[in-house]
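Some structures to go through are shown next.
The two complexes that follow have chain A in common; it is paired with chain B in the first and with chain C in the second.
The block that comes next holds the complex of A and B.
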């Protein structure tokens, strides 16, 4: 593909200086170490603490547009007054984002734009610039099995993109906004090609095409029950997923009993209470049914309308599943199970 | 007239009650809406009838049985406060031994003066309207339940596992730190307090509804505990849970 903007080169030593330069333009949000073996996106205060070479973050950047917990509005308990919470555009530079996490943001944009547009999300979503970084797939990533452009070095949609090479990064400029971010930070041009993509270790056999096919007849598969047996129903897989967006709404009344807040909290369809309705009926009480629903939301219900996978292959739900269940294993088993049926 | 509230203690460390005395600001705000008519730890007054009885501790002696029935008969609403009252708490671990042996161990030659029963949650003897879980009890849950009752609304009981709150708080999973954790099967509502501070969940808030104990034992087993050890961990706060 022809480059519109020239490729430039940045050494590892340049990175903190560059981040300081970006900070002068706008807040920078980037991955940091969190705990012993994990990473999280956070606002940069010390550029030296930013980690660009990471496997995945616990939560995706979704949390900046759809906070895990937020106050929708405050009210007086006599019903006379409500005050909406102030929601502001994020206005930030997201640095060090993996391809699948940006894809996930585009999926959420679709969800929150279609039907009744969701103003809190859409307001926060404004003013975001994205700087991507390539990554080395680990045992859980499988983006190229589900995304059209799922390669770890796919830069589409980003403003700038960092390709990791041996002694630094190649910086690809993709948009004018990206070019503007580089004003005042000159870098040497790089005469050569973008390095080849890294290969994945986890694969869905037959890719998304096969997935679409199998999900048209996977409803009664015994595979659901075989995985549900191991599942403890903790909901982790929902809560870490960059494209899950379901929430619960509760009122909290202050101790004066005169005022209160309506709080929205992220929820998940793997949780038993998720499908509890008035009267206490739980219509998706079996874990197998809940697991099936979660995967149908990723691979069928929305996908059949849009033609795209709603799972972006980040591998979070597998990597963080407390019971050690891998979504790739579930899907591959569904595929093999349906092949067997067809063969029989 | 303000609702009459009374606080009672049974078998337990009284840590839940003391915990309650520790949030004076909120207590003062609440006193605008309630009259505390009986509370051994804080005052001398007595009353015959209570709108809300808040009861801490498990039932573990014949005397307890009599008292809890009496309190229930005189109360409109009864709230079980803390792990001992809700689940039997750690006290219930004694239930795995013969009662005679337990008495002997604790009271020695004076054991005949102290009749004992298996330590059980309040709900095994009387109807419990609401539960404030935790060891010690979770302050926010207590305040939410009380404000809901005062508003004439049904309090929302948390049914999700601690994992949910841990993820909302973006904590690194305790298992990824090389420890084992009871969060996946333990009822949330504590805002994952312990794991927020780098600890593992000991399960003090009891199990979720319809817990999958087999799946949980398999997780603990996969992370290095024998099935016997794993069961012991779960029993710490759940000895009387029929699901175990």
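The block that comes next holds the complex of A and C.
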């Protein structure tokens, strides 16, 4: 039976003390301010520097499980010696995670568990605890258009969850691990309800059901070309996406030329080189074809097997697109274009 | 259903990306560009494969590339591959000889499903370097010849200098169990055989349409034309298998490089049943 834990209340002043308490248990990774309007997850050293009220971080917490660059093994160039790189469990408390970023971690889990289970990702993934925080959607978030539970205050999957209210936070305890984190840090119980969710500004018209429908017949839509015209093919949308996991593998040789490392680096399907086959042919040479592939990966290919959207609606690819392209606009245009076609 | 991480799966490999070391036991230059290698894997490494599978071949400090297996499974741990020199890695591999070590991961991919070929007439259409992977199927059939009906092999290359496994081609021409035909597109003066692209060979072949299974391997440009002439002949989609070359990287379904539509070539392919392949719009364009 699912245990129900009482809601508790924390003031803004309590937060740094609480983080110090958590740090005694495990490393804490949380959002920090990074420049004027930019945020990023980092290991907490000073609890006062943690920002819980943020719109989005440039990169998601996936960097802790799937680093942008990592060594797969070291070698001697004569092939006589190879040594796998040691990978350690992350063993950390992720504090201040938005609902969509945890959903994204679950999608990465799926990728690295299915078929050949990958030790690099799965080993790191051990010992992660998640403390969520509610957020106020800005012009780019659209999680409730794609996720079954995409509300900014949806706490499912977290160990603990902070609901922002006027003078502090309501703390929801969801798991026993979460309850253990609170041992030795007593808080007053809160007698009342979790505040209502904040509403979204960006929407996919008709939600994920409509998305599934339109992606069954959007292949030849002229919409791809109309957005590809503006796209510069920089791959930023792949790099910032919390569910993109594609990578490249290459060798780096040390200066002595006797030893080196085989490394993997983040790669992206929007880059022209991504689909190059031996002999130099690039089979997704057109930007429109690459954009279509990226969106089909988010909305159809894995979704038709799992029933879940592989886009979690974080809005990063729109917010950071070099050419100002919004993924919500693309999908809505596909929907309107297909409506026109069938005369609806 | 989405799988969410709970604990480390029991069957997880220590490092999917770490090659085992094979030893080159024989080599042979087939053409100016193609070299054949026989590789012995260490005894500790259980290595068995199906025709049509591929391996990832590594030189440390240079990189890794997907290479088709060109032999039929015989002694455990022993296999052959033929490598075309197309870049830095393959050039360095060409410089290797007997006794040298080479990194191998795999075998990967599905390979040909022999159940679909047994008891049937087998039509093999190989264009250019496509003979390399399909030779694994040809040898598999020859090793168990009585389990199959006719074995018809059609092979086409650009010029006579590009013909692979020449002494073997001579044997196939006189082999009582093989109906073999080849053609070259740009003949040199000493060429006395058939001239033209591979599809020139198809009209004159008589097929028992109900009982023939075709396997096609070649450069992407060839597929459309070969498919068209086979279908015109009356062969049904159901009886056609093709093998695709895509830039495989990880070989284990993780890196995304080999994906065409929803299909990962390194997992679902490289051999595809034509009715399945038709659903992949990106496959034959």
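Everything below uses one rule, namely that the second predicted complex is superposed on the first by the 340 of 344 C-alpha atoms of A that agree within 3 Å, B and C clash if a C-alpha of one lies under 4 Å from a C-alpha of the other, contacts with A are read in each partner's own complex, and residues count from 1 in each chain.
The rule we apply is simple: contacts are C-beta pairs under 8 Å (C-beta built on N, C-alpha and C of every residue); 3 or more make two chains touch, one makes a residue touch a chain.
Not measured: the values here are computed from a predicted model.
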With both complexes superposed on chain A, which partner does A:324 reach: first (chain B), second (chain C), both or neither? first
Which of the two partners, first being chain B and second being chain C, lies in contact with A:184: first, second, both, or neither? neither
Thinking of the overlay built on chain A, is A:247 touched by chain B (first), by chain C (second), by both, or by neither? second
Tell me the contact category for A:59 with respect to chain B and chain C: first, second, both or neither. first
Partner chain(s) touched by A:272 [first = chain B, second = chain C, both, neither]: first
First, second, both or neither for A:123, with chain B first and chain C second: second
Quick one: is A:77 in contact with chain B, with chain C, with both, or with neither? Answer first, second, both or neither. both
Classify the contacts of A:35 with the two partner chains as first (chain B alone), second (chain C alone), both, or neither. first
Could you look at A:110 and tell me whether it touches chain B, chain C, both or neither (first, second, both, neither)? second
Chain B and chain C footprints on chain A meet at residues 77, 250, 253, 257, 276
Quick check on the complex: what are the chain A residues that touch chain B? 34-38, 40, 58-59, 63, 68-69, 77, 229-236, 239-240, 250, 252-257, 265-266, 268, 271-273, 276, 287, 320, 322-324
Under the stated contact criterion, what part of chain C meets chain A in this complex? 1-5, 7-9, 11-19, 21, 58-66, 86-87, 101-103, 220, 245-247, 249-250, 252-257, 259-262, 267, 281-282, 285
Which of the residues in chain A come into contact with chain C in the complex? 72-73, 75-80, 82, 84, 106-107, 109-120, 122-123, 125-126, 219, 245-251, 253, 257, 260, 262, 264, 267, 269, 274-279, 281, 283-284, 289, 293, 296-297, 300-302, 304, 306-308
Spell out the residues on chain B that touch chain A in their complex, using ranges where they run on. 26, 29-30, 32-33, 143-144, 147-148, 150-151, 156, 159-161, 163-164, 167-173, 175-178, 183-185, 208-210, 212, 214-216, 218-219, 222
